[in-house]
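As written, the chain order gives the labels A, B and C, with residue 1 at the start of each chain.
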Amino acid sequence: MKKFRKMMSACAVIAMCGAALTGCGTDGGSTPASSTAATAAASTAASTAAADTTAAADTTAAPATTAADTTAAAQTTGGGSGELIKVGIINNDPSESGYRTANDRDLNNAFTKENGFDAKFAYGKTNDEQINAAKKFIQDEVDYLLLSAADTAGWDGVLKDAQNADVKVILFDRGIDADESLYEASIVSDMEKEGATAVEWLKSQNLDKYEVIHIQGQMGTAAQKGRSKALNETAKELNWTIVAQQTADWSTDKAQQIVQSVIDSKKSFNVIYAENDDMAKGAVAALDKANISHGVGKDVIVMGYDCNKWALQELKAGNWNYDGQCNPFQSSYLIDVIKKLEKGEKLEKKKIVMDEKGFDASTITDADVEKYGI
Amino acid sequence: MSDQTVLQLSGIYKSFPGVKALQNVAFRLQKGEIHALMGENGAGKSTLIKVLTGVYSKDAGTISIEGKTVQIHSPQEAQNAGISTVYQEISLCPNLSVAENIYLGRGEGKFVSWRQMNKKAGELLDSLGIHVRPTQQLASCSIAVQQMVAIARAVDMDCRVLILDEPTSSLDESEVQKLFKLMTDLKKRGVGIIFVTHFLDQVYAVCDKITVLRDGKLVGEYKIEELPRVQLVSKMLGKELNDMEDIKDEVQTFDAKKAEPVYEAFGLASSEGIEPFDFVIRRGEVNGFTGLLGSGRSESVRAIFGADKATSREIRVEGKKVSIRKPIDAMQLGIAYLPEDRKRDGIIGDLSVRENIILALQVKTGFFRPFSRAKQVKFAEEYIQKLNIKTASVNTPIKSLSGGNQQKVILGRWLLTHPKYLILDEPTRGIDVGTKVEIQKLVLQLASEGMSVTFISSETDEMLRTCSRLLVMRDRKQVGELTGDQLTQSCIMNTIAGGGAK
Amino acid sequence: MISNQKQNPIAALFRHQIVIPIAALLLLTIFNVLRDTSFFEVTLKNNSAGNPVLAGNLISVLDNGSELAILAIGMTLVTAACGGQDISVGATAVIAGSVVMRILSGGEASADVVHAPIIIAFLVCCLAAMACGAFNGMMVSVFRIQPMVATLIMFTAGRSIAGWINENKSIAITDPNFAIAGTFIPGIPVPTPVFIALICFIITWAILKFTNLGLYVQAVGINEKTSRLNGLNPTLIKFGTFVLLGLCVAVVGFIKVSRNGTINYSVVAKDIEMDAILAVALGGNALSGGKFNMPASILGAYVIQYLTTTLYAMEVQATALPAYKAVVVIALVVLSAPKVRDSVSGLFRKMSPAKQSGGAA
């Protein structure tokens, strides 16, 4: 009976770890990710349990195995010594974005007693709150400190304390400006890679002409910079026309106004490249109003990011063409790292870039919508 | 003689637009002297103090300290010249310690030795007999101690002239005694003290000399033993005793027996701290509250109207027991109140004359029943004509009218509500003589038509001319009620002065 | 002599409050005429559902400006009565929108058909936003906290509360009936928000005409002590203005989610409070309270949207957009400052005798 329950929970983790291979956030402050330049892409992919780097739909097999191992290891640790691994998790406020909510939910589901963890969670909108939480976790003598920092600077002191107290630190989602020796690993999204994947997909559509409306996110954020870069470079290289390039600050109605304004000025275009789903939706509203057809096989190609569930449904219905992922499911990567460290293995690289995919309306399945929608 | 003089002001002039606040005022302060500066509101006391401390610049005149003429352009310069002021409202930093407050902003060097500072402060406070730890946070001390700390700061700055502006108004009796002791100590050290207060008892308890101002002019400088209280009051109010006897009682006799009470209060009191007393006014009666500024006369009428938090025991209007908790209650019962401070409590500056006139009646009528524009104009024009208000149009903002016309607008506002009982607190202050007479006449006319009126004025003769009964207030207590033959200047002054009068 | 008695008409005009937003409107129009007359083109086309709709920049101004105008109504009242502004209107609008989404989605992540009558959702969102307004109003009127500080609480917490209502889910409602309020009534080519705003204007006009709200609010804003002595209850009146603003915010929140069909808690109605306050200022109303002019505020709101749409049409570089807006706003606000207006008015008064004498010579 007991065994059966363990099996069940193991299955759950497997499913989750599979899911973890997707997603990505538009959240504002994740600046360090941009410095996580594309250079690491290939090697990291290898280190991340041989995840599939192409934008194609199927992935699950390889990482799932890893995840199964992870769980097994965690459980043997937990079951064998009768001790749970003590983990302190410091995250940003879950209400910050849908991405963050999904991220928090994923962590909560993964770091459970059943999986061999004694996890405590703390949330902070500012560094101060987070540093206080970290100090408390160090006092409580946790084994691992998992950290998604609100701000990149100011962590040296508390991380040194952690090192002295023999608490291992793993960063997730957002990096920090501190010496690499102060943490074991850093699990991040690569926004530039997300952009490159999307633009690669767009290139592969082989359109006669490329006339793109580029709706940017809030200027200066990591997501905006990463996702704009690939388009800017490719457009220059291949002589694509950027009909309009404006920021809508991630907002639906601003995006609608911008596209409306382009339509009113009677400029022709055939691609909407929006840096998140909300803005893509706003753009589509303007297209609908002007009776301009969009989606698979229609006049205008619509691209978005973040894989909101409703956005994937639009994709499935063929109203949109592409949606890029920003992976919020980081628990499998974290558990993988913890497992290796528990075994005393060395990590090949401290910076681990998560696998993130892009969905094509013509290949997306209902299962994908359920699995990857946040 | 002159080497004893520490401060000498002469020929001081100061005017504000439309007001001559100080005219040829002189003042002399000797070493080791406590000198009371007395006068009714608007007499020029505070203007004089502000000229002296550099808050206002004078138009003409000289200020000299220890024989040397000085120019004072800012409070800082006044302080440097040795003039320190302690205001009623403490102007220290409540979140700093006592010692820090004493030495704040006077750092001779860049570095402060805290221990030395605390030690010095301790010695200073000890020498002045102020019992407080130098390290204590100022906010945790009583108001009295805070005031004394302010005085200690002044003393330590080597002040030669100390101005105490209404220091006692928020102190209790024992605290006042402590303050007096400190003042006497300072006097022995040779500090000249200017003491501004409206408490007569305190003047006679501690002062050596009195300078009286009235209407921006110097009335005179007197030695305390040469000026009995009645004389002082008469000088402040501007009526010599002999003159007063001559004034004929012009009020028509009012037969109290015949008329029924309009408003009765048993234990009239409010949160503003007047001693509870019973009060009644009858139909067609004009009564008055008199007393010096701060005596509680305004507070009494505010309590009647519910302007302050009323704590009266029982109120009856036309015999019926009622509750007046807020102004609207009083208004619904037919009571109207023209407040003392026109600018603060009376006008709504940016609104038009029309809106100002209809306001009270409109509020009384109700939120959902606004008057039509035509009706508003009709009301406004009616009272503009009736009270002879000079305004460009009904839509002129009230703030652009002259003071007297503003007052008439407010009066019109309340007359429009057709009150049974009209309370006028200083309706004639700051307005020209012609208008004053008009208002007095109007009051008498309204009373003859059956309205009850309470009339308050700083000018006693005005009250004598209009009121058939006077309630005298002193130190927030009702101390006398004068009717009939008692309605004379001398009698009023004796009652106001209390104790020392014969 | 005569010129003293009879004011120069231009000088008098400049005294009039509504002149400011009108002048701003004219300036922007002139600018657009010089820039590109196609800006003013309005076309009637069919949308993808086959219904006729009007399109063009001016329609965009009316459409999007209407939300701002509705907010400006409430903001004007709060400003007049309290001498301060509510900076939480954006956050409260998201709360209102979140409530709508919660009720209509029935807790699902997406809904093709609404799960509850839309009118119920609207009424509940009104209650929610008015409750937020009541909270702000209580802080300001009862506890006498500076409006900006008091509403800072809701400003900070509002978006989290909105997220909490829907467990931070991103919800999409694609029911065409729900979209009506933010887009078009089938068959009617004018955007629905314009009609909603019109209804709000009429109600506001009626309230100001048939109640004493205007008089009371101005009296309290100018002189609270006097107002009390004239039988008013300043606490209640200030409180009331915040509740009314809450109602306006609810309407705006409803339009927003209806227009978008989704809700993004950290983004929807972002910075709208600043635009609403600006609308009040642009209407020539003193931000320190007192007298107000409602039509001027409403016009001010449309002028701000006009400006935004103009900047979109100009395709101002994304990063430079806020800077452009700031420059224009500074110019407008400085021009609308009473002091500047007085001196401009004074200038015209001085100029006119000069002109006369010049003519005589």
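The rule is simple: contacts are C-beta pairs under 8 Å (C-beta built on N, C-alpha and C of every residue); 3 or more make two chains touch, one makes a residue touch a chain.
Predicted model, so just to flag it, every value in this text is computed and none were measured.
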| item | value |
| --- | --- |
| Most central chain, Cα average position | C |
| Leader among chain pairs (count of C-beta contacts) | A-C |
| Computed distance of Cα centres, subunit C from subunit B, in Å | 46 |
| Between subunit A and subunit B, centroid-to-centroid distance (C-alpha), Å | 71 |
| Centre distance in Å when subunit A and subunit C are each reduced to the mean of their C-alpha atoms | 37 |
| Footprint of subunit A on subunit C - complex, ascending | 38, 41, 45-49, 53, 55-57, 60, 64, 109-110, 159-160, 163-164, 167-172, 174, 183-184, 256, 259-262, 264-268, 270, 308-309, 312-313, 315-316, 318-319, 321 |
| Interface residues, subunit C side, partner subunit B - complex | 209-213, 215-216, 218-219, 222-223, 225-233, 290-291 |
| Subunit C-touching residues of subunit A, taken from the complex the two chains share | 93-98, 100-101, 216, 219, 244-247, 249-253, 256-258, 260-261, 263-266, 277-278, 281-282, 285, 287-293, 308-311, 313, 373-374 |
| Subunit C contact footprint on subunit B (complex, rising order) | 305, 307, 326-328, 331, 337, 339, 344-351, 355, 359-360, 362-364, 366-368, 370, 413 |
